[in-house]
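Below you'll find the structures, each written out as structure tokens.
Common to both upcoming complexes is chain A, partnered first by chain B, then by chain C.
Let's look at the complex of A and B:
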């Protein structure tokens, strides 16, 4: 099953994407990802040494005795958090890559269509709601954030329909405007609630990873994999869409249908990540660009590689965030932004933007 | 007959042993915290982690300092608290560190701490008690509770009645004298004051003052210069960190009484904003600043 697709895009040309190439790229990254998971498990509060951790892992296999505390920390606190980083980072990166393709804008990130502001509004509204409404290990804040994100994307989509179509520039601008409106609303709401809530909302906006329950992790994983599945199914159409909406239409792609499906996928991916972790910045912009530099512009490869690569990136960033100033935990959003800025400037200088 | 004697001796022995070990198992109690959550303890907590500076102050105030296993980076009072192992920031504590300290009880505040931290600690079976004080009486209750839970109920009651007497003393002294108009500034740019629902607002009321921002809807409202000039405060109180900025504004204050009579006073933020035992000190300070050195005009 070998497909031949040749493009001439600026001065770069695409290699033929064979199944073999796809498998080797994805498996290489999966291996890197697993190594990163293991390495990340080694780091944390300074009292655990790598040797102890390795024996804790082995203990699960050999049944050796390992201290209760070590086991709790490793498998109830560290591992779920690392896995959350992998899934959330991956979701944001893949969604970011997709939005860049659909909106044909290299500055697009996962939040560009108002998803992060909708989630933030959900969090603020949840502060006015009694504390006891959580379920499946989700706090009321994350449920409201999820709902807010989906509702906002829906609104942005609906108001951007022009003559049955959704032009990329229109939806981009709608997203930016809705973002602005919602943030104004949030600022207003926070000015009437007391200041400690304000600090909590501000901190949430930085984006941070906190150790989830396995139930919550499973839910996020479910939404992510659902979203990724939809994206992968339409990745070939995405390739053609990058030529332009009208060009793609003439080539037989049902553009609006694909866009709707792919937006839903993006919504699932981003809303689930933002609901749990807040709007972690730069993963959605940076990772897809870096991936495109490495593997080219075929979205059948870019999307899965971005997912795994985004996961690796966020795992590493979070490991740094929780160990650099131990016991202080720096919000991971700060680390990703600090890494993102210089990287972006580097990209600009090399003029390798998609 | 002999066997009967031996059996009754054994029974007495068993009863004696039970009576000796009973007191600790009699403690097995369920508590309900300020959020309605149930906390079960089989004995008074020996390793306590505090996730708020106010709670740390209460613990040391009740003489429970040696039972404090961990505090936050911001727990700076009393001096001994700074020497305790730190678990990070209030807003993002290091859960692994908390677990490593093997606490049997973690104290948390509803306002300052994150709810997901409470959930994570519950998940790994660590008992968490959440406080949510809004008024000064709540703080007194908090001190009593902590004393009760830690088995220091008697001492807590004594100390709290001492604190309550001091609060009453201030209230009595302030009765009858003219209500002084007070502006408390939390920050200068932007200008933020205190409203109903905040401890400082309560303290101004108890010490015979009238908070010029009392019409605000929020606890920490932004306040406009117009409103300030209209209400003409006689006294301005602000944290020591911003007092210089307040004084340097001079003419910009529009000739209000506080500036004309140079009644601008600094105060240590910690003693008025931390819901702990020092709040009474804060109250007495505010009384002193409102009514001047002659103690009431």
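Let's look at the complex of A and C:
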């Protein structure tokens, strides 16, 4: 600007997000998340005492011996499952928050775009594939689910391109249509397979957590952190994209580039989570909404807080799923929907969301 | 005077029909220029070409001598800021947050604004008289305030050129005058080049140095307000009878609508 600044105002404080505020919010939540991990380890069909857990962890470091049973329960069954809940819940929540922003729709999440049905189709198809695809501790079903989710999102994205641009409403509509087509395919395929497979497909569609191998967990974490890193890099641009494509463009944002990148990130986050856990409902819609009510609408904060908060939410839901009807386990997708649906309706009525 | 924008032989279309045809226009440094014309005459399309939201199929547009199509998006945003006709906010960002978004082209990939960014934003907010609104959600303030917030966001880009698409369209008369007053001050005190489109011919004629009258995608007339706002021009382009006389205070052109029922009546001297 050609005119010198005539005034310098320091009196009015601005509620801008600074790195310091960002770090304090994120680290506070990290601590809460660790506490949740610890609490979740206490519960299960076989309750462990806090001291047992601490000494088992100490034993890892010092090489002291703890009972074989405790070690197996803790490190082979409980911990990997809790970590999976933290990562999958976080991935679903962060991706959901991202989709709501770029599609400018409060109900948008990965499932509306056909990702879950694509993954489900992958699982059903895997029942027909005779060869075993297992690697890195992944089952053939989860590899096919991962592929199915990515391919579906790619198709939805390609179909939605109009004149080099991707308008939000076309992507939502084509997502809904692809979803319907894939579900018809799933129903067709399941109607011709035998009933024991049918049960597996049904159970998978509910969304459930199991205890993954550490190799599989590491792969999920890798995809998830990669997706999260891409989202964080573009988090400020996401704020501006909610103003509309043209306004974002005039503010100097390369809109289609950013959209493509965050779509890839969202696909990685959701596909890796869905591949192992199945489509766990409501995390992607409910968590980001709650987070925005708590911390505001700045996506630099919304995304990491949704990730950690989604993890905490799914860890708690899964702990409940493991213990409420023990020894029978409730699929965690039922818990999240039962908790999430009413909570969401409450927010909708009370806070007049968006 | 140097020209900031130079358009020569510009043609643009969305589909099959040309929306803009043979546009030749020089926008001079420091001028305040008003684009008028009926709905669909190509005003908004022209403004979108200037901020490269659209690119012409034929012809050249240069910004300070540089071919606009070759420029970096962020560099354009540091030179030209656009205030759209209507801003919709999907999320209720605070006024502070909205104005800070204007710093985007200066951040160069940084995630957090620095002290300098804060100072710029504070200053433009004071200028636009919205410093007191800082923490209010932008969805809960009045239309006049929101327009000032959006202009403040544009100013936070520290542009040399401000483009506004019908900046007073949804405002009451007091706020309309206020916006024009602000724009005039920005133009005079800060030397901003201002390009705006308007349906309010009287206000535009009063405040703009030069006017462009668009008709069916072409420039029908260009010149000073009194050259452009004539009874013949307006009747020809808008297709409605008007009376143009001298504004009693400013002496500039004053346009009065003549509704159909009045056409047969004699205008008393």
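Basically, the second predicted complex is superposed on the first by the 326 of 354 C-alpha atoms of A that agree within 3 Å, B and C clash if a C-alpha of one lies under 4 Å from a C-alpha of the other, contacts with A are read in each partner's own complex, and residues count from 1 in each chain.
Simple rule for what comes next: a residue touches a chain if its C-beta (ideal position, glycine included) is under 8 Å from a C-beta of that chain, and two chains touch if they have at least 3 such contacts.
All values reported here derive from a predicted model rather than from experimental measurement.
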First (chain B), second (chain C), both or neither: which does A:296 touch?
second
Once chain A of both complexes is superposed, is A:139 in touch with chain B (first), chain C (second), both, or neither?
first
Just chain B (first), just chain C (second), both, or neither: which does A:239 touch?
second
Scan A:261 for contacts with chain B and chain C and give back first, second, both or neither.
neither
Of the partners chain B and chain C, which touch A:22 in the superposed model: first, second, both, neither?
second
Hey, what residues of chain A end up touching chain B and chain C alike?
none
Please give the residue numbers of chain A that touch chain C in the complex, ascending.
1-3, 5, 7-10, 12, 14-19, 22, 101, 104, 232-233, 235-237, 239-240, 242-244, 246-247, 249-254, 292, 296-298, 300, 354
Note: in the complex, chain B contacts chain A through residues 35-36, 73, 86-89, 91-97, 99-100, 102, 110-112, 114-117, 119-120, 123-124, 186, 192, 197-198, 217-220, 222
If you look only at chain A, which of its residues touch chain B in the complex?
44-45, 47, 69, 72-73, 76-78, 131-132, 134, 137, 139, 141, 191-197, 199-200, 203, 208, 210-211, 213, 322, 326-331
In their shared complex, at which residues does chain C touch chain A?
48, 51-53, 73-74, 76-78, 80-82, 84, 87-94, 96-97, 100-102, 104-105, 107, 109, 111-113, 118-119, 121-123, 126, 131-132, 134-135, 155, 157-160, 189-192
